[in-house]
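Have a look at these structures, which come just after this line.
Same chain, two partners: subunit A is paired with subunit B first, then with subunit C.
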Partner chain A sequence: MRIGSFAAESTKKALWAASIVIAVLFIVAPLYLLFKYAISDSASINTGGAPIPLWPFHPTFRSFTYLFSDSQFYGVIFNSLIIASCTVGMSMLLGVPAAYVLGRFRVPGRRALLLGLISVRLFPDIASVIPITEFLIKLRLQNTYTGVIFAHTLLALPYVIFIGMSAFESIPGDLEQQARVMGAGGFSIFFRVLFPLALPGLAAAAIYTFLLSWDEFIFAYFILGLGKISTLTLFLKQKLAYAPPQNLLAAISVLLSLPVIVFSLLLQKYMTAGITAGSVK
Partner chain B sequence: MTEVWPNPKHTRIHEVWPLIPAAVYLVGFLVIVGVYLLGLSLSFEKGGTTVFPSMRAVGAVFSNPEFGHALVRTTLFVLAGTPLELAAGLFLALILYQNFLFRNVVRGLFLIPLAIPALVTATLLFILFDYPGGHVNIFLLGKYGFFPAILHTPVNWRGSAFFALGISMLGKVWRDMPISMLILLSGLSAIDPELFDAARTMGAGLRARIWRVVLPLLIPSISAVVLLRSIEMWKEFIFPFILAGKYDLLGTLIESLYNDWGNSNAAAVVALVLVLCIMVTTFLFLSIMEILRRTLVKI
Partner chain C sequence: MAEVLLKAISKRLGSNQVIDSLSLDIKNGEFVTLLGPSGCGKTTLLRMIAGLEAIDKGDLVVGGRRYNDIPSQHRKLAMVFQSYALFPHMTVAQNIRFGLTINKTPAETISRKLAWALDLLRLAGLDDRMPRHLSGGQRQRVALARALVLDPEVLLLDEPLSNLDAALRETAMEELKRIHHQVGTTILYVTHNQVEAMTMSERIAILNAGRLEQFDTPRVVYDAPATRFAASFIGSPAMNFLDGTIEVREEDAGVDTALGFIKLDKDRFGRAQQMTGRKVTVGIRPQNIAYAEHHESKRYSDTTLRVSVELVETLGDRSLVVSRGENGAVLRFLITRDIEIEPQEMIEVFLDGRRVHLFDPQTNSNVFVS
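And now, the complex of A and B:
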């Protein structure tokens, strides 16, 4: 009996360990393969019928140097950077004041407003992209930076308001009271007290917005087409259509995801920084 | 809880004005989306002039067999994909619910798919499921030695509706697993461990504890996952766009009507149908949950 239950216990443990290993493999293996393709030499891809190796015969960064030797590629990165930065600027300009009000004041209809914000994000992009593209064509903003920046701001704004709102909410009311007692007015309370304290949350919102615009595909594709202004996602899609070597596709993919992965890791850290801890005594 | 509103009794317009620009921007675009969708759906182009109002675009879409196929495919995609997302999320959440060495590392790993752009994941699947010499085919043919042969001939994954939409679903589930996992994990951590221990003391085995204690308490998070994920499944565009080009879902049908056929009216009609599908699903799901809640409370 005892031996039996011991055996059952160890089987359970083995099953448990196996499920962790399977889950981790399921997530890590595709990423490993993406990286492997990005540093593959061409002989490791065109193997002439032999199975593709799990590690390249001669690992190389040639796909990356090839990409960076192309002046068009710099233009593409530049476009993505411009669009993402302007989207951040515009979203913060519109979103931070709104987040401040929603976070600090009892606005009538606040619940309905927040519910509306969530439902904006539940609306399918592929359905809203048609009317928005048509509208931008009317304004002659198709194939322009401005058009995409408008669209990306629309996508990012609900997130900026949400993240920003909770940043402002988490600042203790006492701080504002004290500043008021000491004679500070509305503007200086906002810029001297609240804004600096909300900064980590707002920075997180800004980074999130940047990344959202950086890897956005649907709106960029409809508004810019495969025309003059190309972003990194459009560049990848364009290459995909011409069946290029897989190591090149993988290299573009790595460059596209790298900022997102790096910033997501940083973001976690930044968001947990408790700046208000101990500021009120 | 600290009082965050300095002046809770009355809010004056000079305090809320900073809200106005963002509200105008969002509401303005919302109105534009609504007006244009309806306007485009109810008109059609005839020799360079726009005829409005007309049901011609609607009629044309509904009599197009490709629309029927896309609607059926999308419905199946939602019906199969949503439980899969739930199962994957639950699996990861239950792993993280236990305490073990390197739990935080594993948690971090589980979040990575979320940080990979959907287009990149789709591209990666495009490469891996290549025909005939992609990694997956070679792997399943048993050519790597460490894995037994399951297939005898390579499968053309992107060449059939079943497999093409299947790998699109795989990509979608892979990328979105962390979201379901996080929702379920927060539901799990809200469960008092004492309940779990009490059930154990009363002689409930692990299976009974999971089925009879954890899952019923997890129903709110599970229903949140099912609702949000089913909406995401209806909305899906990028994975089928890259991986299942020939086999349209509603999302990819909108794209091909608009970009390939230049028919913005038909595209708007399909977009409206998609929005309607999401609304109906949400309504049905909430009604079912309400009925379930009532019957359960009666017992």
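And now, the complex of A and C:
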């Protein structure tokens, strides 16, 4: 009986382990392929029927050097950076005060407000892109930085408000009251106590916003089309249309993912940092 | 430093009367404890004084100024929260400097006061530590230092020792007393711990359900509890209570109870005689009951009772005996631990007549204290 249950237990464990390995493979394998293609020489791609090798015959960064020799590509990266940065700025400017108020005060109709915010994101992008583009065209903001930044800010705001709100909410009320008793007014309390303590959460929101804008395609495509201003995602789409070698596409994708990977690692550190530990026993 | 006057202060939260027309006058430089069980309103009262809760009715006057409508940040007082509420993103020194920086104190004064506070609270060398790297006792001292550098008119302490372990709490109590002695600030100290209240305070305000039960020195509160609540809340183990009727028998005035006739001392004979026939609740502390066989001599006012031992609990240096009279009334008393008493044993005990307290069963107030 005991041996039987022990056997059942180890079978269960083995199944768990197997499912985890499979899940990880599913996630990692495409990333590996992407990276592999990005550094492949053309012989490792066009094998003429022979099986494609697991590791390129002659790993090379030629695709990258090719991309960086293209002056258009610099412009594209610059555009993506400008749009993402401005989106972060706008979202934080609008989102942080809202998050502060929603997180620290009793706001009448708070639930309805939050529901409204979240519902914006319940619509698929493809459904909301038409009215928003339509609206931006009316404002003569199509084919402008402002237009895309506006749209991306719209997409990011609910996240900024939600993440920021919980960052402000998690600060113990004692700290605020302590500061008040010590003579601090509203501004001092915000800038000296609440904001620094909410910073990790706000930084996470900012990074998230940056990434959202950085690899956003649908809105950028509708608002900018394939016009003068191009972003990395649009550039990828544009290149795809000319059926370029896979290694070039893979190289663009790698460059596109790079900030995602870097920031995700940073984000993880922030997420797990229990900065409020030690304030309140 | 300032005196604190509470005049008929009331506070209602929903349908709950948290503070009910409470008045206190706290002298300049006095160490006063607000003592009571959880939910008695003591912390709310402290928060009202701090300006963190509005005062519904009554006046709060600190140092001659009516404080009711002065916002918290403009009141000249400091508070230590139960949680200590140290700013987790600031070092010890930054925490201590915080209030001074906010008040735009000259840098020179700030560094002088910082050094003074670090020294006073034995925090030297910890200036650059973050709160999360401090022990509980150190956090408590930083919180205190942060409050003291502000030279508050009144220092409000909300159960500052409740997060410390027993040994640390004792040293912290001594330290707090020393600091009060050195600094001389008026201190209002909230606790549910009677030992802290008895040890440190000059006067204790006992609160129950938003009302003031008694406000007096630790000695008076212990020796002459004004109400049955004050009697039961102060002292450990808890006081014995027995219902009875005041009677005069031969030379003695006393109370006829389920355990027998309990005599009062001669000093109270006259007043007790006038109350003959009155229903009362007798209160007597376990400390004021002696095991007859080991008591040197019985005093003239002592009552002898026969009880059977039910249970003996070891408390360390002493033991608590739970005994019952013939008709089941319970009496608890203390014996030194070298005395051997077995359950079921019939024994005699003496009750100290001077330490018998009488309470009105309706109003719960002490019939001899007015």
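Here is the rule we go by: the second predicted complex is superposed on the first by the 258 of 281 C-alpha atoms of A that agree within 3 Å, B and C clash if a C-alpha of one lies under 4 Å from a C-alpha of the other, contacts with A are read in each partner's own complex, and residues count from 1 in each chain.
The definition used in the following text is that a contact is a pair of C-beta atoms (placed from the backbone, for glycine too) under 8 Å apart; a residue touches a chain by one contact, two chains touch by 3 or more.
Bear in mind the structure is a predicted one, so any value in this text is a computation, not a measurement.
Colleague: Once the structures are superposed on A, label A:227 by its partner contacts, choosing first (subunit B), second (subunit C), both or neither.
Modeller: In the superposition, A:227 touches no partner, neither subunit B nor subunit C.
Colleague: Between subunit B and subunit C, whom does A:172 touch in the aligned arrangement: first, second, both, or neither?
Modeller: both
Colleague: Which partner does A:184 contact after superposing on A: first (subunit B), second (subunit C), both, neither?
Modeller: After superposing on A, A:184 lies in contact with subunit C but is clear of subunit B.
Colleague: Touching A:192, do we find subunit B (first), subunit C (second), both, or neither?
Modeller: It touches subunit C, and subunit B stays clear.
Colleague: Going by the contact rule set out at the top, does A:244 touch subunit B (first), subunit C (second), both, or neither?
Modeller: In the superposition, A:244 contacts neither subunit B nor subunit C.
Colleague: Applying the document's definition of touch, where does A:97 land relative to subunit B and subunit C: first, second, both, or neither?
Modeller: After superposition on chain A, A:97 lies in contact with subunit B alone.
Colleague: Would you sort A:59 into first (subunit B), second (subunit C), both or neither based on which partner it touches?
Modeller: Once the two structures are laid over each other on A, A:59 reaches no partner at all.
Colleague: Comparing subunit B against subunit C, which has contacts with more of the residues in subunit A?
Modeller: Residues of subunit A touched, subunit B against subunit C: more for B.
Colleague: Would you sort A:107 into first (subunit B), second (subunit C), both or neither based on which partner it touches?
Modeller: After superposing on A, A:107 lies in contact with subunit B but is clear of subunit C.
Colleague: Is there a shared patch on subunit A that both subunit B and subunit C touch, and which residues make it up?
Modeller: Shared contact residues on subunit A (touching subunit B in one complex, subunit C in the other): 172, 174, 177, 180.
Colleague: Name, in rising order, each residue of subunit B that touches subunit A in their complex.
Modeller: 2-8, 11, 15-16, 18-19, 21-23, 25-26, 29-30, 32-37, 40, 91-92, 95, 98, 100, 106, 109-121, 123-128, 130, 133-135, 138, 143-144, 174, 231, 234-235, 237-238, 242, 251, 254-255, 258-259, 264, 267-268, 271-272, 274-275, 278
Colleague: What part of subunit C is in contact with subunit A in the complex they form?
Modeller: 50-52, 72-75, 77-79, 81, 83-89, 98-99, 102-103, 130-134, 136, 139, 146, 150, 163
Colleague: Enumerate the contact residues on subunit A facing subunit C in the complex.
Modeller: Residues of subunit A touching subunit C: 172, 174-175, 177-185, 188, 192-193, 196-197, 275-281.
Colleague: Enumerate the contact residues on subunit A facing subunit B in the complex.
Modeller: Touching subunit B: residues 16, 19-20, 23-24, 26-28, 30-31, 33-34, 37, 47, 49, 51-52, 54, 93-95, 97-98, 100-108, 113, 116-117, 120, 122-128, 130-135, 153-154, 157-158, 161, 169, 171-174, 176-177, 180, 215, 217-218, 222, 225, 233, 236-237, 240, 246, 249-250, 253, 256-257, 260-261, 264-265 of subunit A.
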